[in-house]
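Read from first to last, the chains carry the letters A, B, C, D, E and F; within each, the first residue is number 1.
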Amino acid sequence: MNLIKIIAIIILTPLVGGLLTGFDRIISARLQGRQGPPLLQPFYDVLKLTEKESIEVNSMHRFFVYVSLVFVVFTTLIMLSGGDILLAIFALTLGSVFFVLGGYASNSPYNTIGSERELLQIMSYEPMVLLTCIGLYYAQKSFFIKDIISATKPSIIYLPGVFLGLVFVLTFKLRKSPFDLSMSHHGHQEIVKGITTEYSGKDLAVIEVTHWYEVIISLTLVYVFFATVSPISHVFAVIACLLVYLFEIIIDNSSARVKWQHALRSAWVVTGVMGTVNLLILSFF
Amino acid sequence: MASEILREISASDLLAETLKLKHAGYRMVAISCTYKEVMELTYSFDLNYDLVNLRILTDTKTELPSIGIIYAYSFLYENEIKELFGVNITGISPDYNDSLYKIPVKTPFGIQE
Amino acid sequence: MVAINVLLLFPLAVALAIFLVKNDAARSMLVRIGAVITALLTLVVVGIFFKDGIRLSSSIEEIDLIIVVVEVIIAAYIITLGIRSKRYVISIFSFLQTAAMLVFEFGFKEGITVETAIVFDKLTAIMILVIGLVGSLICIYAVGYMKDYHNHHKEYKERKSFFFSILFLFLSAMFGIVLSNNLMWMYFCWEITTLCSFLLIGYTQTEEAKNNALKALVINLGGGVAFAAAIIFIGMNYHTLELSVLIQMKPDAVLMIPVFLLSIAALTKSAQLPFSSWLLGAMVAPTPTSALLHSATMVKAGVYLIIRLAPLLGPTSVGRIVTLGGGVTFLTCSLMAISQSDAKKILAYSTLANLGLIVICASAGTQESLWAAILLIIFHAVSKSLLFISVGSAEHQIGNRNVENMDLLMGVSRKLAFYMMIGIAGMFLAPFGMLVSKWVAMKALIDSKNVIIVIILAYGSAATLFYWAKWMGKLVSKVNMGHKNHHELSLDEELPITILAFLVVISCFTFPLVSRFALEPYLTEVYKKTALIPIETSDIKLMLCMLSMLILLPISFIPVYKNDKRRKVPIYMAGENTGDNQTFYGAMGVKQKVEMRNWYMEEFFGADKLTFLSNVLCTAILVMGIILLIGGLA
Amino acid sequence: MSILRMSKTLIKNLLHGPFTIAYPLKKKETYERTRGSIGISIDDCIFCGMCERRCPTNAIRVDKARVSWSIERLQCIQCGYCTEVCPKKCLDMENQYTEPSFGTVRDVHIKCTNTQSPSES
Amino acid sequence: MDGIKKSPWILHYDGTSCNGCDIEVLACLTPLYDVERFGIINTGNPKHADVFLITGSVNEQNIPVVKQLYEQMPEPKVVVAVGICATSGGIFAECYNVAGGVDKVIPVDVYVPGCAARPEAIIDGVVKGLEILGEKKKNVGKRK
Amino acid sequence: MGNRTIVPFGPQHPVLPEPIHLDLVLEDETVVEAVPRIGYVHRGLEKLVEKRDFQQYTYVAERICGICSFMHGMGYCMSIESIMGAEIPDRAKFLRTIWAEFSRLHSHLMWLGLLADAFGFESLFMQSWKLREEVLDVFEETTGGRVIFSVCDIGGVRKDIKKETLEKILGVLDRMEKELTEIAGVFLNDSTVKLRTRGVGKLSKEAAFELGALGPMARASGIEMDMRTQGYAAYSQLDFKPIIDLEGDSYARTKVRLGEMFQAMDLIRQCIGKMPEGDIKVKITGSPKGEYFTRLEQPRGEVLYYVKANGTKFLDRVRVRTPTFANVPALLETLKNCSLADVPILILTIDPCISCTER
């Protein structure tokens, strides 16, 4: 892995992620019968945030979002360079934990509640994400993405249940309704803006950019289910990613935000059913 | 159309009269207060759309019992009247101690110094 | 040879000396010196024998005799104790095992010779290092802690001589366990640790402490009975008392009976479900006890035994049973930890869970899983003892050990909060040791087709993340910086904490070396098959890279902070902040203090309900094991 | 179970295209009765002061001496009471709302000169 | 490029409004007017907002709230007073518990008249506010 | 020490369009205690009677609340008319009823949107409010204002609705009914929505009575109480029955309000069908003297106007007891042991109008 590649990944990923977010906002608006913002709106937002004054409530909390960004970028690097998927997930968890700690460090009511909810969300989706990695290992005998995507048969053949479970929990990661408990994209939430309530200016911009990376990471997880050694499959994989993303947007727009009890229960049950059954069947063959 | 009755009672009869209405199945509609020369409290009750108003003529000195023990939801009305008119209602639960509203003037509807 | 004897006997001597010294200062000095020398001795012993290991035969009959005598004395003490406290089970257990051992010793032992009584291999080296280093650090810490402890708790009778001498006695016994190859000796040391644990839990002599101590005694004695039964069974059927011989045998149905019994003994000592209640009760003991006995070392004796038995457990259904039991323990204890707010309770549940994890890895019995198990012992010992002793100090700094109040810690003692965070990070975050081992464990379990356990791991890890992260969250939130209740950490406390914190980090950096020089040779030897480090080199590089980033990022942030001074605004309180970030104008216009508390989710993870369920489940699993054994299917 | 019940409506919306009016490029049509702002044909005004007296917010000021009629735009609540009470019916309700401003706006109308000046702000 | 003009985020606070202007502010978000076309988002959180929309006048009890919200917004920021009550106190100006327009408490940049202010007027007001926002941004740069 | 979180909720809060404050005491996310603070919108407008004459006060009354503005104007005018013994023309009564029912429709649609917003269903919010714009167009066309109408006057109404417009309204109603049926299906059947409303904030019939609940809040708990049955305005000539439900939870309240929307459409159709010709206003001369209690049914429930006049242009006292004021105790009851995520929903299911409450 050379330096140019690393730099390219670091720069291109948020660009694509930002565009996807813009696309998301337009589609959401259209689904609601609205015109919607321009495609580049997410970039305008971030640009504006960098221009704004950054205020702070104490000296600690901003540190964590930057660290979180670093580890999310690190995850992206591991994933997009074909590295170990399990390690990537661990690094991502580290990033998420730092993000949560940022919320705690603000030491303000809504941030703290947001952090608790974010932790709950991590706890809800983590088993399924881990099972996804494990499933891929079962199917392709390797944790390395570069091996997984150069298999002869796409992993989706072995892991349909795991895939469905993953799509279910991606809703958490993409912060979409019904599982946008900790921090919704739409401002009208009982905990204001959750973890990000106290962040402003550059810090908030960093959080936005982090989210762009996370969108790409989430979609990469979808991607590896479809990509194989044949080049044409990569086209399918991209289409699958877009379809999953579109599906998540529709889900987002056609469901209410559920309460944490239900979020946890449903995520764990789906994981338990989809993931376990799939893996059990797989382990017998 | 439903009937509207207005009865004048004395302050000491308030609880007894209210209790009677409560037992008859009335619900409390409102407590209103008017101050023009004399402090005039009106307790309105309703049963099947028939309105019964109990009127008490009083002043800011006389202690008036809260009817909260009979109609628990009277506390908002009583707090408000106490704060805005300065009527001396005792035993409100919960008692906001004249801080239901934060206003620059004291008892704007009542006697002002 | 000499070195090992010194290692075994030196702590004993120190214990005796401490017991006799009544002067406080002198005793403290003695403890410090004793601890340092013990640590040095450990290093020396490991240094001498690490490369080639050593196997010693000892045919000195006197030792056996001494052991028997001591055992009888102990039994007599315990039996009277049981009668006096009306816990007759204790007396019965103690009587049973001692009587059985005596009958065996004098009636059936003829003809059984123990070739090698002491084996020192790479695993022993690791265990000795863990016990010696962590143990002596905790002993030093205890000097500082106990002083504060009695300042805070005037109501308890001071019995420090007793306390410290038991600590050293315990170290000696622990060395004995890991060095013994003779099951009789191991059993003897095993019983001594049980006794030490009992004495230390009951240190404060309150009703609760006494009850919990007795509970611990009952359960551990029960394990002892199983141990004794296993020894007799082995001795009678196979005419050997050597562990190393035992594990070379072919795992057939009959052999599984003693293996199962030994596993039960190990599970009780490691406080696995359904035998876990004693460890939770043991938290009433002074913190150094919890750190030393109930997290870092004594409970490790159980998993150590299982690791030793791994070759027999791996391919058999007894192994599967034990694995499943460990899995349930891991999952439910992780879940239950969520509902706790007492720091020591959380640590206790987490210890149970991690021991469960080690049990899983050990009993899965593949090279890779064993690799993970041994590493887990190291990482867990270091991180958990760090956490325990920092919680102990924090308790003295902020007045209690409720995690909810840990948000004060950053204001009171930055250093302590920081070290505690390292400890927590060591327990569950990515580049740190516990997670590395967990990762390998997962891989190993997939390879051995243990799907159910893998899924349990996935769920359990998620729960682990929740309770650690929320604790960490409390540490990073700074409440009330004006808290002036500042205590200086005594050097006795600070030094071990600092060293352990460094050990946590260093152990993460050096685990490839440990793997290369200790684990791989050991596993190769045990399995007669070349063992390789189960993680790809590129991953190790990435992980070390992450670890370095974690260290460098805070430092690199200092200039950013210097250059970017910002306007401070009050926190968002829906427009009702009074300006001090602590209060808001609440209903009726009065100032109301804002409180931020963690989640406990009682309805999901309440300990009462889960304890019952999981105990039932684990008991069922064990019963299933017994049925399998009786049916001869094992 | 009925999840994604909303999606039918959503897809319909998507296919229909946005319902948004491209304001400010295109304005929503107003109705005949739309109450925007008070206008005056000052030439018909007799400065009786009826509107000033009846205005609930005291937004209107009539100065008979200077033959001026003025209205504080930031006080007018567009109730239309003045248009009702005006004996000469010279006040009327225009459809267009008052533009936002950076400060207070007093529209002064003086008879004869017939000029409007949004000054005095 | 002026990012700030392309993405003004709004904080809406209801002073003592009769809800008339509030629902019109909310109506701006709905499909018919859809202010997200201009990148406007109703954040509901002072720390994220650029534009402070206030409806209704101020009174004894909400003066500290308004002040605090204003203070918690990062620079550059503009205040848009929506509706007659917010601009002058309106029909309630003479009530005992109405202190008057919002400019009694914090500097108001744009006044949007109307009772209730029409959504079009509110959009115009915010757009006017953006010009001021652009100006203020330059000043923020200079001061540093 | 317990594990209790204490946080401020409001006055400025994204889910609360209006300022109200709650001290929320939480365990995990369960609300153990909620103590309210009101007074952010208190203006003291009842006192304005001393400064505005009874004619001008109509405009003040309309601005008590911008959502049920018409009802407030109507209630005030009815009180004065009752005191003065004036009988208003039939056509005015029907016109008032049409506007009143449209107001109800508008108010409930707005409420639906806000409820959807409270449980994080943004597209449903948009859909409801899109529908609401149609009602606003009717308002603007018939009265000239989107929010404040200024059509009700003492003695009748100020503006008539032309025949063509009435027919147009029928068309609008048909279109709306179709769309409303669609989103009503989502509110009543979508499983995620049901998860958020079913069983949330349950209030038994007895509790609702003991707490003095009114309007849809009471009707959803099975108390049949609707001032319209008393036949003020044109209601005596219309055919309808109060809509009630027995469950008493947020879901039932949604159901009742949805039912009332369809009912409102039906009532408007009846009005248009039965609309008599004639004057729209009688001339009122002199000043009122006497006192009167008027009660009518607002979208949020029964409202009470008390007017006391002394024969001069300036009234002695105007007192408004709004439905939200009466529903607050019930709200506080339902808030106990709910989840933090339910707080916005519960606050919304009483359909609070704080500016009414505090005046």
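One rule holds in what follows: contacts are C-beta pairs under 8 Å (C-beta built on N, C-alpha and C of every residue); 3 or more make two chains touch, one makes a residue touch a chain.
All values reported here derive from a predicted model rather than from experimental measurement.
Trainee: Smallest number of touch links from chain B to reach chain E?
Mentor: Counted as steps through touching chains, the separation is 1.
Trainee: Work out which chains are contact partners of both chain B and chain F.
Mentor: Both chain B and chain F are touched by C, E, going by the contact rule given at the top.
Trainee: Among all the other chains, which ones are in touch with both chain E and chain F?
Mentor: Common neighbours, chain E/chain F: A, B, C, D.
Trainee: Write down the pair of chains with the top C-beta contact pair count.
Mentor: After tallying contacts for each pair, the winner is A-C.
Trainee: Which chain maximises the distance between its CA centroid and that of chain F?
Mentor: The chain lying farthest from chain F is C.
Trainee: Which chain is most remote from chain E in terms of Cα centres?
Mentor: Of all chains, C has its centre farthest from that of chain E.
Trainee: Quick check: how many Å separate the C-alpha centres of chain C and chain D?
Mentor: 78
Trainee: So, what's the distance in Å between the C-alpha centres of chain D and chain A?
Mentor: 50
Trainee: How far is the middle of chain C from the middle of chain F, if each middle is the mean of its Cα atoms, in Å?
Mentor: Chain centroid spacing, chain C to chain F, equals 65 Å.
Trainee: Approximately how many whole Å separate the CA-defined centres of chain B and chain D?
Mentor: The computed centroid separation for chain B versus chain D comes out at 43 Å.
Trainee: For chain A, jot down the residues that touch at least 2 other chains.
Mentor: 29, 31-36, 53-55, 109-110, 112-113, 187-188, 192, 197-198, 253-255, 261
Trainee: What positions in chain D touch 2 or more of the other chains?
Mentor: Only 3, 5-6, 10, 13, 18-20, 56, 77-79 qualify.
Trainee: Would you pick out the residues of chain F that each touch at least 2 other chains?
Mentor: 5, 7-8, 11-15, 29, 39, 42, 44, 47, 59-60, 63, 121, 123-124, 126-127, 130, 145, 148, 190, 192
Trainee: Using the touch rule from the top of the page, what pairs of chains touch, sorted by label?
Mentor: So, checking each combination of chains, I get A-C, A-D, A-E, A-F, B-C, B-E, B-F, C-E, C-F, D-E, D-F, E-F as the touching pairs.
Trainee: Enumerate the contact residues on chain E facing chain F in the complex.
Mentor: For this pair, the touching residues of chain E are 11, 13-24, 26-27, 29-32, 42-46, 56-57, 59, 61-62, 65, 69, 90-92, 94-98, 115-116, 118.
Trainee: In the complex formed with chain F, which residues of chain D make contact?
Mentor: 1-3, 5-6, 8-10, 13, 19, 30-31, 33-35, 54, 56, 77-81, 84, 93
Trainee: Touching chain E in the complex: which residues of chain C?
Mentor: Its residues touching chain E are 567, 569-570, 572, 575-577, 585.
Trainee: Looking at the complex, which residues from chain B come into contact with chain E?
Mentor: 101-105, 108
Trainee: Inside the complex, what are the residues of chain E that reach chain A?
Mentor: 1, 3-4, 6-7, 30-31, 34, 36-39, 41-45, 47-48, 50, 72, 74-76, 137, 140
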